[in-house]
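Multiple structures follow.
One chain, chain A, appears in both complexes that follow, with chain B as partner in the first and chain C in the second.
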Partner chain A sequence: MYKGNEGQWAFFLHRLSGIAILLYLILHTVSISSVLLGESAYGAIHEIYKLLIFRLGLIAVAGAVAYHSFNGLRIVIMDFTGWGVKYQRQLWYASLFFAGIVIVAALAYNIPRILGGE
Partner chain B sequence: MQATFKIQRYNPEKDKKPYWAEYTLEVDAKDRILDILHKIKWEMDGSLSFRRSCAHGICGSDAMMINGKNRLACKVLMMDLGTTTVTVEAIRGLPVEKDLIVDMKPFFDSYEAVMPYFIGDAVPPATEYIQSHAEEKIIDASTKCILCACCTTSCPIFWVNGQYLGPAAIVQAHRFIFDSRDRAGAQRLEILNQTTGVWRCRTAYNCTEACPRDIPITEIIGQVKRALMYGTA
Partner chain C sequence: MAIKARSFKDARSQAKSNPELAWWVFMRLSGTALVVLTLFHIFKNYIFVDEASWDYEKIASSYADWWNKLYLLALLGLGLMHGANGMRYIIDDATAKNRVARFWAKAIVNTLIGAVFVFGILALVVKIPIPGVDTP
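Presenting the complex of A and B:
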């Protein structure tokens, strides 16, 4: 394992969250398009998403979207300004902080719903 | 004190795949890693292979991955590592020829691709080219590169895509693109604007942290990106 610092992990997480979002989008598009097969097919597929793993996965996707967005802004700042690279470390911690807020909000919203069997 | 050196070894003529060899020996906190590698080679196992030339951080021959980071073996002291267990591997992304020696050809091919030489006026001035201190300051950092490949072989993009010219070649291109006396900046920018050029950089920052000459490489790559975007160079 190469012992890179923040920049390397920011890059790695960016890729990982990007792949997660892509997979989610594909799944989302495929399941929505199942309506073409009729209401019962659509309903049957969407019933699966009530499983715990998918509900927890949705929180993970929210986290991935948040991280990818905030770190994406960090990358934009680095590429478009002369000062961004100097503060890449601080900017990364800021991205993690804001992504963390989104994850906490997603947990606060979803966990009671999951526990309540909604 | 006693130290354990775990060195990744590989002889393509004998070994199917690389393996770790361990050497335990007496070292001094002020020993350079290169000194210890010499001691291993000269006193313990003559078959160990690595490159080194000047041994003073100028020639850039002894880049290797020491405790998970690319560094020059001649610029790292035992005490800098803060441990007595040291792992040494060949730099990544280039084919290993033997033990710590890699084939540097792909690296130098990328270097050549950016035309790393001065291209002045068709008719040179009668006297020398004049450059102000302020103009020199812009390229000061990028002139310090010793082509050791610590940066390029620390780049995660380069590991998976050897077509990427890599940080070292971009630093060398920057040295001429932003040189007030040079006239071929536009050509070099065009080369770096290809899919194998600066846009492959994903700002993982490993290069900057690996550079033994403290060149702010990611910043330099950023300057080239902006020169392309804004047409300023």
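Presenting the complex of A and C:
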């Protein structure tokens, strides 16, 4: 349908980010819901997330959600308007732009926190 | 097989069943709602706030707020349903030639998602004691 151009990348990244977000949602729900098990269990689990890889991973998750969100809106526009498919390529660059804004915000707020060693 | 349509009219003609068409509509409606719910959640609780500040006491206090409970319930329910159906599309495409793999992949994914949903709902329903308020 897209002849291996932008649309194919949009589709591939949508699925990849979707799987990543679902995995994160499962991990996040189980971690946060551990408040049920009491303060020490919650504390023990969240001690792990102070590791650098998890703190950086959270920025990646925010980026994945932002991309999936804006590309999802692109899909809705293509499906429910008469003009969406014609401009799908431009809409994809727009969704990358908006996702980029969220990623820059996440980086701008979090990198100083991580470097501050909190 | 997932619907590969580019309009509601196409989707209706391609859908093999009414549930398939209903899921197609659900993905677009829930997706649009989730864009707002999730991005707001991420900015409010993560980007503008240090994630390390979410200790047990702060979680317990936020879980005492009924509007917050409702918000999280919507996020959890819509998010997991959207994710479960998305995984169904992916599994259907990946196991087009293998019925046994398809069955087990769906069984495992849906059981996991169901269990997480129950655990998440429990944390919202059960009262979490706030240190210093509900417990000494």
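What we mean here is this: the second predicted complex is superposed on the first by the 115 of 118 C-alpha atoms of A that agree within 3 Å, B and C clash if a C-alpha of one lies under 4 Å from a C-alpha of the other, contacts with A are read in each partner's own complex, and residues count from 1 in each chain.
Methods note: a contact is a pair of C-beta atoms (placed from the backbone, for glycine too) under 8 Å apart; a residue touches a chain by one contact, two chains touch by 3 or more.
The structure displayed is predicted, hence computed values, not measured ones.
Q: Are chain B and chain C a fit on chain A, or do they clash, once the structures share the same frame?
A: When both complexes are placed onto chain A, chain B and chain C end up clashing with one another.
Q: In the superposed arrangement, does A:Y87 touch chain B (first), chain C (second), both or neither?
A: After superposition on chain A, A:Y87 lies in contact with neither partner.
Q: Quick check for you: in the superposed arrangement, does A:I19 touch first (chain B), second (chain C), both or neither?
A: second
Q: Does chain B (first) or chain C (second) touch A:A62, or do both, or does neither?
A: So A:A62 only meets chain C here.
Q: Taking the superposition as given, does A:G7 touch the first partner, chain B, the second, chain C, both, or neither?
A: In the superposed model, A:G7 contacts chain B only, not chain C.
Q: Which touches a greater number of chain A residues, chain B or chain C?
A: The partner making contact with more of chain A's residues is C.
Q: Pick one for A:L36: touches chain B only (first), chain C only (second), both, or neither.
A: In the superposition, A:L36 touches chain C alone.
Q: Return the residues of chain A at which the contacts from chain B and from chain C coincide.
A: 1, 75, 78-80, 85
Q: Quick one: which bits of chain A touch chain B in the complex? Just the residue numbers, please.
A: So the residues of chain A touching chain B come out as 1-8, 10-12, 14, 75, 78-80, 82, 84-86, 88.
Q: Over in the complex, which chain B residues touch chain A? Could you list them?
A: Touch list, chain B to chain A: 65, 67-69, 92, 154, 156, 202-206, 208-209, 216, 218-219, 222-223, 225-226, 229.
Q: List the residues on chain A that touch chain C in their complex, please.
A: Touch residues, chain A against chain C: 1, 15, 18-19, 21-22, 25-26, 29-30, 32-33, 35-36, 39, 42-43, 46, 49-50, 55, 58, 62, 65-66, 69-70, 72-73, 75-76, 78-80, 85, 102, 105-106, 109-110, 113, 118.
Q: List the residues on chain C that touch chain A in their complex, please.
A: Answer in residue numbers: 4-8, 11, 28, 31-32, 34-35, 38-39, 42-43, 46-48, 50-52, 54-57, 59-60, 63, 76, 79-80, 83, 86-87, 90, 112-113, 116, 119-120, 122-123, 126, 128, 131.
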